[in-house]
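Just below is one structure, and these are the notes that go with it.
Letters are used for the chains, namely A, B, C and D, taken in the order the chains are written, and counting of residues starts over at 1 for each.
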Amino acid sequence: MKTNKFKLDNIFQYSTYIVLALIFIVFTIGSDKFLTHKNVYTTMFNGGPLILITCAVTFSLLVGVIDLSVGAMGYASGCLAGILIKNYDAPIVLAFLAGIALATFIGWINSVFIVKLKMNAMLVSMGMMLIIRAIAKIITHDKTISLFSLSFLRQAKIKALGGFPILLLVVFFIVLVCNIVLKQTPFGRKLLAVGSNETVAKNVGINTDRIKSAALIICGAICGIAGCFWVITLGSVVVTGLVSYEFLAIAAAVLGGTSLLGGRGSFYPGSFIGALILLFIASGMAIMGISPYAIPFVRGVIIFIAMYVDSLRHKAMMLA
Amino acid sequence: MVLDRIKFFGQRNKQLLGMLGAIAVMLLVLSISVENFMTWTNITNLLAQVAPIAFMATGITFVLITKGMDISGPAVMAASSVIAVAFITSFKVITAVHLISGCMILLLAGGFFGFINGLAIAKLKMVPLVVTLSMMTVATGLATVLGGARGLPTIPSAYANFFNKYTVIVMVILISSALDFLLTGTSFGRKVYYIGNKEETARISGINTDNVILIVYIICGICAALAGIVNVAIISTARASMGPQSQILDVVSAAVIGGVSVQGGKGRVRDACLGAFLIVGVNNVMNLIGVSDYFTTLIKGSIIIFAMGISSFRQFYFSRIRA
Amino acid sequence: MKKILLVLMALVMTGMVFAAGQQEAAPVDTSGKTVVKMGLAMQSKMAPAFHAWEDYLYARVQIEAEERGYVVDWSATNANGDSTKQANDIKDLLAKGSEVVFVPCNDSQAILQSVEEVHNAGALYVSYCRAVSPEAAGNQVPDTTINFSSEEQAYVGVMKMFEIMEADGIVPTTMIDVHGQVIDENAINREKGLRRALVDAGYPDLKVVVCDSGAWEPDVARDSVDAALQAHPEANCLYTSSDFMMPGIQTALENNDKWYPRGEEGHVYIASSDIFPIAIEMLQAGYITTAVDQGCYEFAVNAAKSAFDLLEGKEVEKMQLTLGTMATVDNIDEILADDSIFLWGNDYK
Amino acid sequence: MEKKSPLQLKNISMTFPGVKALNNVSFTAHQGEVLGLVGVNGAGKSTMMNILGGLLQPDKGSEIIINGESVKIKNPRVAEDLGIAFIQQEVAAFETMNVYENVLASDFDKWRKNRSPFLNKKAMKEEVRKHLATLDCYIDVDTPTHSLTVGEKQMVQIARALSQGGQILLFDEPTASLSDHETQKLFEIINNLRTQGYIIFYISHYLDEIFEMCDRVVALRDGQKTGEAPISEINKEKLVDMMIGHFVETTERKNSRDKDDIILRAENITGVKFPRNISFDLHKGEILGVWGLLGSGRSELFNTLLGFDKMVEGTISFNQNGELCEINHKDLYQHVGYLTEGRHHNGVFLDMTIAENITSSDLDRFASKGIGILNNRKEKEESRKYMKQVNVKAVDENMIVSKLSGGNQQKVIISKWMLKDPDILFMDEPTKGVDVGAKAEIQNLIFDRSEKGVSFVVVSSELEEIMNLCDRIIVIAEGKLVGEVNRDDFSKEALMAGIVKQEEKVENEQVQVG
């Protein structure tokens, strides 16, 4: 009896890996073009923004805040960087830093509204999303900002690994850093503590407001990096950029086992694998030539099933 | 005595008075300054345009009061409309019977989506945001798949003629008043408030909370379907793009501006509908003045943050008193 | 307290409305001239071309009005890709008393009812840069349609591309077709033109892989072209329904080691429509083989003229289709140097 | 030995809008003593603790002196630096985190590896094991907290206080959710700490505990200090006098009624974990006590019987028209009321009016048939009637419940169940967290109702109360029925006997297994 439960729990623990593996198996059988270096790398590379934004939103979810402005913050960052490079010939690194700084700043504004003024997070970030997009439209006039000068970044590849894009290392690096921050540092523990039970955290002397603000600001910063990455992967800034990524990212985070109520979650495997699941479903279906209309449908069904399994896991945990 | 009555009414209906005040000021200023605003056509147009958002805000009011969340509204609206129009247009000759049964199917489909949401939330205890998020993608996907690549053909104009703006206005007034009464004047509505205030206590008090929550989500689905009925009348066909995901922002902010608390337990359908009027009104006014649409979005975003500011201020203010 | 705050909120809102309104409402001198109310109900303004449609039309309407002795009360709305909102916007424009409504429709089917409504209100409907569904009958037929012949646009471009390929001695193996938004009449017509060109150029059996682009989204185009290229690495020619999606297509080609200018090993021949600013650069650099312009400025000229003609009760052709300039990788520099040829993309760099 | 007095409180006042929670309270705490802080609900005990813990800021003029220095405790961090550790009433844990993370939650920064930004988990776990060992508690430090028992969580909380290295420990109702065994262990620990020279504040509603544990008591009433004395110099009556000013007598239970009518028969009730195989009969008009240590499965028995927890096995029969018929949970619930233990958790609707709270138990009575239109006037009239009967002190029935005191809230819950007019009323700790005055009123009410034929099943942790109240007591240990005592045989020994037997048995079993 006891050993059985233990095994069951183990299976639940690795459920994200199992889902990803199943996706790989199904699509590899479906098409011989799926499991190639090229497809795996490009899917991850093009999906870099999603992976990063999922990490960003995980930071906010860990402290129990649902931030819906993540997509817009990323877009703001990429947009600013693009404008600086195209119109002002700014050095690429500086432009990207400016973009990241902008997103960090917006994250700070969010934190003022949500943490200091205690407004409802979901709705404030919703409003923030609308405002950012509107301002960006007013500034760019919906023009496509094409950045040919960035293509070298996209093409930098490691031949030895079958054409591994070097910039993908940035994504891995950030996931790794997030993971270390969460699992190895005092700050990570405080994040979990605040998300787990804010009152108690306050009572034991944790400065909960500061931790929450920090989480939201970091969320902004990572969105900024994601925005720059998005500009690099697309090679231009288009007005539809990163639209509705907030929903995708939250879905990915939840798929990875992050709780919307705070206090539970991880970057690896959590967010990373969660995002990969969404990315490879889309890629596999496109390669197999399945109607693009079916993609959101299938994606939704898979998220639904994963959520159901997750709720079962939660129940099993509570009974144990 | 009469004065006391008025005072009491004022205390119980602060939100209503506030909303009416805001709307009155807005209308007054606009009718003076904007040409063609206070015309019969424009006002009836505006009211009819409010209808879909008002219906969805009505639905989400029920959900928010139970501490839930339903972001699948617009997607459900599109999906049920597509199902109904696909049904209607599958006949060679379309008669009134087909149109009426089409409407029934639309409402049933909305209710069914709500039922699935409610089942997952009430019985399986899944997190509402996650459930409705997945429902949103599923419903949008379903609408695109069913709608087909080329889109569905149009339905006879008899439908649009029947659901003209006057019918729609009467419909929205009747249905939302009925639902407002359901919420405030009946035992079911009271149970909804009980659940929003403390679900555990409601269960202990002998209320079948699971069933109430299930019904609440079904109501929310049906309300989305009602919005679908109105929208199908506007374009005489149905499209997956009818319910853009961002529309849920309008819906939720309408409810929140109307004083419905996201923390549950508070709010009224009536006030949420007035909130919808404010949100849609901004759009209408912008069109009349001829302002660039960028500003419309900007202003909408600011209104949401502003409304949240008020509500958090209110909470802060009351918590000081209560402690 | 809250009541006060809510009243304040209303004041701030109305204040903002006016602040926003003041910026655009220019004082109009109406002395002795007939005021005509005109409205443009844009379906979306996601891309520069849409801005060009609006800007050129506004400018041309003013010029035309000046010449004929009118004053135009102009308003424009944007539906952000939502057909229902577009229908509501048109209602608003009618409520404002517009006599002419210019509409680039979001959905060729769903707009029909709005056409009827415009006619019932006694106003004129000019289908601008988009055609309504051919199923339109009776009251649903627009007073005039100003559009580019999107089918011809695709046909001409693709034919020319095959010609150039032949000249270079390249045999098409597989073709990638980046489809526009599927409910868009222009995208559908371009698809038709492409199919006709394939037959006429002598490649009726050529394998064509259709890629989706969502609502003309470069990101979506990138992902689907990427997948298509991986499934069909032998592809050596591509047609895109609009070169707005070129940034995404470029990335996809790069990812698959196929982004080379003409003449280099691995070059993919590309035919496109619209000539967005980015396409001019790509034509010059030798990546795009042929591109056919939208002729935005011509539309505006025709639309403004027809609108006033209709107002004055003159007969106007129901269908005014134009074909924009075709630019190829060979003649792009000449075209740019030629002042008599007008490319809108050059205006919106 | 001369006692040092390192903690002095001078003229502490605390004003909330409209209420003076503390009014010029001064006293001194000595090293190595347990200072009891007593008072009825709302007397200001918790406010005082919150001020010491840095959660509230006192008014101007208040002074806290630690080791001769005047200090300002601006936030919990400052309190911690001053060596004050606060063990809260509600067991406060980070459910999603591990035991060792919980214990060291107050200062993660201290546990970095040689100034690197990373945590030294090994040292952390070592430290936590050390603290848990001093508490005689050997839970695995990697266990997720949500799987611990309430008592274990309490230990984790005390370990957290110890790890902060404080010298002043504040215990706010620490035994409220502990079993008897765990309480005894806690007392040992507190005694142990006392000898180590800690200053310990001890707040409790249970006067027995105060007399058992404390060296000295300070009594508060309405925010004012009403007395201070070494425990050896006072007795219970005097202490109660200090707390409420007068001693409320409860009426003696009259002879219990004739017991032929069985109204409820429970047979072999078995839940997932607890209860195990419990059977009992309940007579009409009887007050049946359920006695057992916390964690013995008392609340679980109620929950399983009434269908809130899954019933694995068992049958329930109910007397309908003079005949005992088998009944399902749902139908049974039509005839019963259930006053739960956690008032704020699942007892009241805090943000709703008294009337709305009272009618929630039988809302359909006020609703028309069909769509269920509510009759508001009737609803309010009825609520007023019951408020009067139960003596709820409030302006009117439209008052929001959260503005009432704990005792009055409890009375609102009781009126709620009175309104339903059930045949059986299940009460889990009906007087928990209620002041002495209200306690007596509630007891009298129970007597009165039982006279009118309502049967009661009562769980209480207070032996005295349950013995005073009940006609018959069944004893539960480890989820099993271990004894039944009639009113004539009530004695502490009789009740404990069953439990002791059961515990010995369990221990023996464990020995055999080990």
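The rule is short, and it goes like this: contacts are C-beta pairs under 8 Å (C-beta built on N, C-alpha and C of every residue); 3 or more make two chains touch, one makes a residue touch a chain.
Quick caveat, the model's predicted, so the values are computed rather than measured.
Chains that touch both subunit A and subunit B: C, D. When chain centres are set by their Cα atoms, the one at the greatest distance from subunit C is D. Of the two interfaces, A-C and B-C, the higher number of touching C-beta pairs belongs to B-C.
Between subunit B and subunit C, the centres computed from C-alpha atoms are 34 Å apart. Centre-to-centre separation between subunit B and subunit D, using Cα means, comes to 44 Å.
Computed from the mean C-alpha positions, the centre of subunit C lies at a distance of 71 Å from the centre of subunit D. Looking at subunit C, residues 45, 215 sit in touch with two or more other chains.
Residue positions of subunit D touching 2 or more other chains: there are none. Subunit A has residues 137 in contact with two or more other chains. A complete list of chain pairs in contact reads A-B, A-C, A-D, B-C, B-D.
By the touch criterion stated above, subunit B contacts subunit D in their complex at residues 182, 185-188, 190-191, 193-194, 197-198, 200-207, 265-266, 320-323.
Against subunit C, in their complex, subunit A makes its touches with residues 31, 33, 36, 38-39, 42, 45-46, 137, 141-144, 146, 148, 151, 154-155, 233-236, 238-241, 282-283, 286-287, 289, 292. Taken together, the subunit A residues at the contact with subunit B in this complex read 66, 113, 117-120, 122-124, 126-131, 133-135, 137-138, 244, 247, 250-251, 254, 260-261, 291, 293-301, 303-304, 307-308, 311, 315.
Contact residues on subunit A toward subunit D in their complex (touch as defined above): 180, 184-187, 189-190, 192-193, 195-197, 199-207, 259, 263-264, 317-320.
Those residues of subunit B that touch subunit A in the shared complex are 120, 124-127, 129-131, 133-142, 144-145, 149, 245-246, 249, 252-253, 256, 262-263, 292, 294-295, 297-298, 300-305, 307-309, 311-312, 315-316.
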